[in-house]
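Each structure below is given as structure tokens.
Look for chain A in each of the two complexes below; its partner is chain B in the first and chain C in the second.
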Partner chain A sequence: MSMIRNNRRHKLVAYSLILPFVAIFALVFAYPVIEVIRLSFTDAPLIGSGDWVGLDNYKRLLSDRLFYTSLKNNGYFVLLTVVPTTVIALLIALAVNRLSGRMQALALVLFFTPYVLPVSVVTQIWAWMLDFQFGILQPVLEFFTGKPVPVFKNPFWVMPAVAVVTIWWTNGFNVLLFIAGLRNIPEELYEAAKLDGATSRQLFFRVTWPLLWPVTALVLTLQLILQLKIFDQVYLLSEGGPFNSSYVLLLMVYREAFQLNNGGYAAAISLVLFLIIVVVSVLQFQILRIGGRDK
Partner chain B sequence: MSGVKLSNIKKSFGAHDVIKDVSLEIPKGEFGVFVGPSGCGKSTLLRMIAGLEDTSGGRIEIGGRDVTAVEPAKRGVAMVFQSYALYPHLSVADNMGFSLSLARAPRHEREAKVREAARILQLTDHLDKKPSALSGGQRQRVAIGRAIVREPEVFLFDEPLSNLDAELRVQMRLELSRLHKQIGATMIYVTHDQVEAMTLADDIFVLKGGHVMQAGRPLQLYDDPDNRFVAGFIGSPAMNFVEAVVTATDPQGFTAEAMGGVLTARLDGPKPAQGADIVLGVRPEHLVPVETGGLPVTVEVAEELGGNSYVHARSITGADIVFERRGSRDRLEGQSLRIGAAPEHVFAFTPQGERLR
Partner chain C sequence: MKFKTLAQVSAIAAITGLGLPAFAQQTVTWWDFFAGGDGVRMKGLIDQFNAEHDDIQIEATTLEWGVPFYTKIRTSAAVGRGPDLMTYHLSRMPLGLSEGVLTPITAEDLEAGGIAEGDFFAGALDSAKGPDGQLYAVPFDIHSIVLYYNKSYLEGTRFLDDDGNLTGISSVADFEEALAAAKENGAESPVTYATGDDGGVFRVFYTLLSQQGGTLISDAGEVLPGDSAEKAVKAVEIMTKWHDEGWQPEQALYEASVALFTSGKSAFQLNGVWEVPTMNDLAANGDLGFEWGAVEVPQLMDSQTTWADSHAWAIPVQGDETMDPEKRAAVMQVIGWMEKHAIQWADAGHIPAYKPVAESEEFKVMEPNATYSTLASKATYDPRSEVAGVASPAYDAAQNIISPAIHGYLSAEDAVAQMKGELEGRMK
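Right after this comes the complex of A and B.
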């Protein structure tokens, strides 16, 4: 009898401990998500309620050319950032890992500092560095192209430039993840391989790379999710231009909701983006895991 | 197959000298063991032979060839690590054949060698498993298998059994001994466990503070230690040491007073002066209860092992004395008695720890 009472009390304590979290989660995540889903089937403005329109918003989306442009740009941006930032972070981590003591700490701080900066500062720094008239990087561009380039006003240059800014900004975190992964590989594995006659190339491809694969898969997946959500950098650097060549899905959500007052339509776009992120990232993580198992 | 010869090997990390002028030789086909307390430099010495550490001075020869500056893979050595150092992402077979696959050896050759090593180590049923699916003893065998596949001139073992439980350790010790007889290669083995050293070695090198304190056959070290450190390190339970003062000398040896009793030691060489401080050492199995003479002690605990027992007693000065009893079932706890030893079993050391012979 007392056992049962004890058990019940045990559960009560447990529930009371998780209740605050569940309440906050319901209030700031679950409720808004349900509202967005509901909203996406209405013609509601940004504030206030609208009428039920069924799948009209989604039908409209399928015939919206800006949607396809944005979708394509999102994909292009993912291509430009996810794999390059992972490769760069890995290379930096391998280099930093060779340093020791204070030098290693210093190098890590240097690579991590941009990550600490707010996005507005990051974009301002790069807007200045790439400024058409007095940007200090213009001579470099001029060297390769023969003339100064207004990068954020040029349809060819704008997305790669935003990608460079993004990689510069977020790379430190990936470096940190790779450093942690590298430190987890026991030194003896390298010593054993050296005794077995491994060249430094073989050390990397036969020992480091397969053992680092779980971290690599994690970095790739985190990056994919993060880069599909691109908004701030584009908004601050090019506002989607020129000629919508840097227009992305979240920018479209922003425009529909806050500039054109189409709450329902904006909700539908954001829901589609949400589904894309879920499907793609789950798919990618599974594929990477299977790839890892073969190694 | 080749022997290993070290001449005047030195190693410093910064201002800290870890190995101070070590010279030793392990003839080909012999099983050499470096033994000593942690920090004595035994692992560093082994890693220097493997080429994983540079030497600060001296010369390393394997099979008569100077390999001091040769890279690890070209020294003809294979090493078994304490942590096994198995690749978690590779199967047992791939772990064992790793060196051959690095060298791009033909598949059939690799498979044949791996299968042969697996047969020797009874791993044939586990070849497709990952190391994580194996027990500690099996992992250890895979690590040894990886060394066998390379057909090295010299096997190096760095405390290979210290991660195993006691029972498995004894079993693996026997297997290693058997393996050595079977392969006949030169082996160098590092351990802090003197029992492993005694049971495995052809030659033991006792190290302390970067010096070889004594080298020799196991029983030679046991019966005739050069110094107090070796005398205390080899043998379990350890030798009893008693601080004493010389009271009389004669042509056969000397008599000394200690802990309210007397012990007589045999000594062929020069005798210590009367009144000199001296340290006497007696192994537990040589101490026996005596009627007169000897040391008066009070028995505190007896560890009964069945066939024999180790009796822990306290002298009147409070020192712990251990002696062995065989075949007796008498309860000794709490009793006061005198224990002594035959003069030829009493070792004499200077207060600095040097043996007097």
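Right after this comes the complex of A and C.
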């Protein structure tokens, strides 16, 4: 009898402990998600409720050319950032790992500093450095291309330029993850391999790379999710232009909701983006895990 | 009930610390978007109003022009946390009405402000009305782009008359001849406007389109109907030619485009009347270094017209509540006072929409306003559409499509086709 009561009390304590989390989760995540889903089937404005329109928003989305342009640009941006930033972060982490003591701390601080900056500061810095009339990087561009380039106004330059800014900004965090991963690899493995006469090339591909794979997979997945959500840098640097060559899905959500007051349509776009992110990231993580098992 | 009101009023008085007489004191929360030379004049008007009125005090905040301003208005008005009085672009009225943020301005309201419908220019008044004929805003000014010129680059050409005023431009060919002459006389960018910004590109494009009799969006909601598309192509081609010849700055943002003219590197500037105070102030301080003038944009194409818009006063909805009638009367009193003191606003370059001021002797001798004020009667307003006007998809398209086209990234035909598609898409 007392056992049962004890058990019941046990459960009560457990529930009361998770209750605050569940309540907050329900309030700030579950409820908004359900609302977005409901909104996406209505013609609601930004504020207030609308009428049920069924699948109209989704039908409209599938015939909206801007949607496909944005989708393509999102994909292009992911290509430009995810793998490059992972490779760069790995290289930096390997180099920093060779340093020791104060020098290592200093190097880490240097690489991590941009990550601390707010996005508006980052974009201001780069907008000025690349400014068409006064930018200090324009002579560099002029050296390679023969003339100054209005990078955020040129359809070919705009996405790579935004990608460079993004990588510069967010790379520090990935470096940190890789450093943590590298420190987790036991020193004995390297010693044993060296005793067997392994070259430094073999050390990397036979020891470091496979043991670091879980971290690499994590970085790739985090980056994929993050870069699919690109908005701030594009909004602040190019506003989607020129002629939509940097228009991305979240910018479309913003314009529809806040500029054109189409809350329902904006909800439909954001829901589609949400589903794309879920599907792509789960798929990627699974593929990477399978890839990791072979090693 | 009475007790409650009394308690509220005294609580407000206590909070604001304004003391007696607590009953009559009204605080009018005011939001505007004037941050330039005209913002200084507006602040002067507000200070003067506050000094003259013990019973009404304006608490003004200046927010960022464009999408940020209008987004904030919409969200704050919907939940009743918006201002009591705000400035509004008449070109934005169609979207404002569909958003439901504007309250009707009734005949009693006007009376409370001591003004009447007949006091305003008909064009501006019509734009302030909804399709139902109901007034939703009180027009304050008419503003447009004008052609500023720097006399030093035109000396010795046929484009200055004996009094040193601009003359002899009545076609694109004339204007281009003047640009070429200015280039020869050493002008770095003979004509400057914000070639990389939405507003600068849109206003010049729209003026060139309207001068050909073209329509951007018809009242029936058709984008570039009939041969308007060809006329739009022509407008883009003219702007592209100015770029190709090196007559206009490349990818100039707004501030840079103004600086080119004020620093004497441009012979002409196509920009809004709101830069008149900048020029006046510079000239008064002796910092300008050249003589300047401003005229209505000349007839370059088939007819004489210019893009124009109006600043107006509007009272937003207060969420689910309605504004206290006494407060509303106070707000209308502010509007009426501002209209009657619009001569100080004219000092910021604008043409008053309030006829008693616009037709006063004081305004008729105000230069250069008096010279270009003729444009008011021939102006072409933005299309009456939810996708046109300040901070609209039409402005976005100017930056996103037309600006790249005049810089050579896109042909004029493609640009116009894209713009048409884009605006049609946004209208669904």
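Simple rule for what comes next: the second predicted complex is superposed on the first by the 295 of 295 C-alpha atoms of A that agree within 3 Å, B and C clash if a C-alpha of one lies under 4 Å from a C-alpha of the other, contacts with A are read in each partner's own complex, and residues count from 1 in each chain.
Going forward, a contact is a pair of C-beta atoms (placed from the backbone, for glycine too) under 8 Å apart; a residue touches a chain by one contact, two chains touch by 3 or more.
Model, not experiment: these values are computed from the prediction.
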Superposition on chain A - do chain B and chain C clash or fit: fit
Superposition-derived angle with apex at the Cα centre of chain A and sides reaching chain B and chain C, degrees in steps of 10: 150
Greater residue coverage of chain A in the superposed arrangement, chain B or chain C: C
A:186 touches, of chain B and chain C: first, second, both or neither? first
Contacts of A:206 with chain B and chain C, given as first, second, both or neither: first
First, second, both or neither for A:195, with chain B first and chain C second: first
Smallest separation of CA atoms, chain C relative to chain B, angstrom: 52
Common interface residues of chain A - those touching chain B in one complex and chain C in the other: none
List of chain A residues in touch with chain C within their complex: 45-48, 60, 64-66, 132-133, 150, 153-155, 239-244, 255, 258-261
Contact footprint of chain B on chain A as seen in their complex: 186, 188-189, 191-199, 202, 206-207, 210-211, 213, 295
Footprint of chain A on chain C - complex, ascending: 67, 71, 74-75, 78-79, 95, 98-99, 196, 250-252, 256, 386-387, 391-393, 396, 399-401, 403-404, 407, 409-410, 415, 418, 421-422, 425-426, 428
Residues of chain B touching chain A in the complex: 50-52, 71-74, 77-79, 81, 83, 85, 87-89, 98-99, 102-103, 146, 150
